[in-house]
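Structures incoming, each one as C-alpha cells.
Both complexes shown next keep chain A, but they swap its partner, so chain B is in the first and chain C is in the second.
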Partner chain A sequence: DRGPPSPSPGDTSVLAGLYGPVEVKGSKELPDRAALEVLLRPKVGLPGVMERSREQLLRRTCETVVLGVLHPRTAITLVLQVLSDAGSLLSCCLNAACMGLLDAGLPLASLFCGITCALDPHGAIILDPTTRQEQDARAVLTFAIDSAERKVLTATTRGSCSVEEMQQCLVAAQRAADTIFQFYRDSVRRKYSKS
Partner chain B sequence: GSITTADGSALVKLGNTTVICGVKAELAAPSVDSANKGYIVPNVELPSLCSTRFRSGPPGEEAQAASQFIADVIENSRIIAKEDLCIANGKLAWVLYCDIICLDCDGNVLDASAFALLAALKNVQLPSVTINEETGLSEVNFKQKNPLIIRNHPVATSFAIFDDTLLIVDPTAEEEDLATGTVTVVTDDEGRLCSVHKPGGSPLTGAKLQDCITRAVTRHKEVKKLIDKVIKSIKPK
Partner chain C sequence: DEDGERLRLCAGVAPRGRLLCGPGLQRCAAGLLVTKCGLLRHRQAGGSASGGAYWVDSQQKRYVPVKGDHVIGIVTAKAGDVFKLDVGGSEQAALSYLAFEGATKRNRPNVQVGDLIYGQFLVANKDMEPEMVCIDSSGRSSGMGIIGQDGFLFKVSLGLIRKLLAPKCEIIQELSQLYPFELVLGMNGRIWVKAKTVQQTLIIVNILEACEYMTAEQRKQALAKLSKN
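Moving on to the complex of A and B:
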C-alpha cells in the first residue's frame, strides 16, 4: 500500500508516502467513503497556516479523483515531505501526490498533474519557474489538470493578472500536461517491466 | 464602525452568513529587510458558535485555509501599500491586526470575510504619529485622525459547482455540503484577477471558468457601489 516516488522538476523535490486504505479511528470515519488526509511537511520548521491551506487544496484535489466510495469506513493518508524547494513547489506536490496514488494502486477516476506558470513583467509565460523567476513575476498561477479531458481540477494564483493572461496560461498548462502524463505512463511502464 | 473600541470595523451579512471584522492598529519597528513597510496581519476565526461543524479549541483546517486566503487577497490586490503604513523609515511603522470572526456560518464565509475586511479597512481612522526630534520618542495625537489610503477594492465571488454543469453563486451551507466543488474568483477595480481559488472539486473547462470570471467582474461593480454607499452614510464622529 505504500508508494514513495519523488518527481523533481529542476531541483525541487518532494517525497510522497501513501498509506491506505487502512482502518480509521473514531470520529474521522465516513460511512460511505474513504477519509482522505494529507500532511505536508515543510523542509524547515513546523507546518504553519500556508501548509494547512495547501493540505486542504491537495486533499480536495485527491478526493475528486480517488474513488473513495469503493473503500468506505477506511482512511487514506498521504504524507508529503519537501526535500528541496527551487520553485514550483505546489505543482511538484501535486505531481508527487498523483504518482503516490498511482504507485499505491488506488482506484482513480482520472490522473492529474500540477503545472506552475509565471507571468514575467513583460507578459511572457514561463512554465515551471524557479524561485527567482517566481519572485520577479507579476503573477504565478498553479493549475492541476486532469488527464481525462484536460479540465481544470484545481487553480490557485498569486499576484494579479488580466483575464486574457490567465486564459493563455491555462492553455499553456493544458498543453504542458501532455508531457507530464507521458512521464507518468513511462514511469509506470518501467516499474512493471522490471519484475 | 460596529466595534467602538476598534480603529476600524465592519459587520457584513450575506444572506444568513454574518461576519464581523475589527481592525486594531499598533506601533512596531519595521523588519530589517523591509524598513519602509508596515504590517497587515489578518486572522479568520470560525468559532464553535457559528456552526455545529466547528469545535472549540485551536483553529481547524478551514479557519487556517480562510486566513491564508485573506492574507493572499491582501497581498495580491495590494489593497493597502505597506509603504503607507510606515511612519519613520527603519524606526516606526503601523501594524494592522485584522480579526475576522464569523458569527453565523451559512456558507460562503470567504466572500463575506473579504467584504468585511474591505469595509473595515475603509472605516479605519489612524491617529497621526510624529517622532519628537529631541527625545526620539513617538507622540500620538488622538485628536487628529486620518483614514487609510485604500488603493484597490478586491471583491470575492464564490461559486458552488455541481458535477461541472451547474454553478451557483453565493452558496448557502446546505448548497456547499451538497456541491461537488467550489471556486472563488477575486477581482479588483480594473477588472484584473487577483485570485482564482479552486481547491480541488469537480473539474471545470476553461470556458466554464471564464463564465465564472465574467460574472465575478459584474458582481464587483455592484458590491463596490454598495460599500461606497454605506461608507458615505456613516456620520463622522
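Moving on to the complex of A and C:
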C-alpha cells in the first residue's frame, strides 16, 4: 500500500506514500464511505497554513476519483513528502498523489494529473514554470484534469487574469495532460512487464 | 477499437449469457468501469449459461476481505465466545469457538492470544464485520484450524500469493526438491513456513520473499547454488 515517487518537471520531486484502507479512529469514521486524509510535509520546517490549504485541495481532488463507497468506515491516508522544489509544486503533488493511488491498487473512477500554467507580464502562457517564472508571472493557475473526458476537477489561481486568458490556459493544460497520462501508462506498463 | 480510455472487450460477436465481472471491474451506468490498473484477463465460459469472466490482475499489498478466501489470522483477543483475529484488513475478523471441527460447548478449542489460525471467510462485505470459520460447509476442517508451534510467518504481496497458488506452481516444485517443508499460504499475503531446522526455514523464507523480484532464471541459479551446499 505504498506509492512510488512522482515524475518531476525540472527538479521538483515529491514522494508519495499511501496507507489504506485501514481502521479509523472513532470520530473520523464516516458510515458510508472511506475517510481520506492527506498529509503534506514540506522539505524544511513544520507544515504551515500553505501546506494545510494544499492538503485540503488535494483531499478534495482525490475524493472525487477514489471510490470511497467500496470501503465504508475505513481511513485512507496519503502522505506527501516534498523532496525538492523548483517550481510547479502543487501540480507535482497532484501527480504524485495519483500515481500513489494507482500503485496502491485503490479503486478509482478515473485518473487525474496536475498542470501549472503561468501567465507572464506579456500574456504568454508558460507550462510547468520554474520558481523564478512563477514569481515574475502575473498569474499562476493550477488545474487538475481528469483522464476520462479531460474535465477539470480542481482549479486554483494565484494572481489575476481575465476569463479568456484562463480559458486559454485551460486548453493548453488539457493538451499537456495527454503527455502526463501517457507517462502514467508507460510507468505502469514497465511495472507489470517485470512480473 | 481502442483509445487511451475505452477498450472493446471482444472483437466479434457479443458473448451470450452472463458475464462475470471480477476484481478490478465495477458495473456502472455507462457499462463496465475499470477501477484498478493491471492486466485484463479473461476466462472462457465453463458451462453454457455463463459467458465467461473478466477481471483485472493488479498488484497490491493491502488485503481486503473477500468471502470464501482462505487466510491466516493472528488471534488478538478473546471476547466471550468469539475470538478476534487480525487478518491484515481494515477490521478485525470474528471467529466463533464453535467453528472448529469437533468443537462443542463443553469441548472448546485450545486457542490462545497470539496463535495463528488458518480459516476461510464466511461473511466478508463492506458493510459488516468479517467472520471466519475453520470448517467447511460439511463440517470438516479440510486443513483449516490452529497452525502448530514453531515455523515462520511473513508477509508478501497479494500477487505473489496468487502466483504460488496457481496449479503446478514452478516455485513450489523447485523448492520441494531442496528441502522438505510445510507451507501455509493465506490470501491476505501471509505465508507460514516450517522446515526441519531454523536455518532451512529461513532459507525458504528468503527465497519466497525474493521470488517477487527474481526472474525464473535467477531463481533457478539461486536454487542450484543452494542445493550444492
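Here, the second predicted complex is superposed on the first by the 195 of 195 C-alpha atoms of A that agree within 3 Å, B and C clash if a C-alpha of one lies under 4 Å from a C-alpha of the other, contacts with A are read in each partner's own complex, and residues count from 1 in each chain.
Assume a contact is a pair of C-beta atoms (placed from the backbone, for glycine too) under 8 Å apart; a residue touches a chain by one contact, two chains touch by 3 or more.
In this text, all values refer to a predicted model and were calculated from it rather than measured experimentally.
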item	value
Joint occupancy of chain A by chain B and chain C, clash or fit	fit
Which of chain B and chain C A:S91 touches, first, second, both or neither	neither
First (chain B), second (chain C), both or neither touched by A:P107	second
Touched partner set for A:R185, first chain B, second chain C, both or neither	second
Chain B versus chain C as contact partner of A:S162, first or second or both or neither	first
Lowest inter-chain C-alpha distance for chain C and chain B in the superposed arrangement, angstrom	14
On chain A, positions contacted by chain B and by chain C	148
Residue ranges of chain A touching chain C (in the complex, touch as defined)	1-2, 20-24, 67, 70-75, 102, 104-109, 147-148, 178, 181-182, 185, 188, 191-192, 194-195
Complex interface listing, chain A residues touching chain B	49-50, 52-53, 55-64, 141, 144, 146, 148-149, 151-163, 166-167, 170-171, 174
Chain B to chain A touching residues, read off their complex	61-62, 64-65, 67-69, 71-72, 75-78, 164, 180-181, 183, 188, 191-206, 209-210, 213, 217
Parts of chain C lying in touch with chain A, wherever the complex brings them together	4-5, 26, 33, 35-39, 58-62, 64, 89-91, 126-127, 159, 212-213
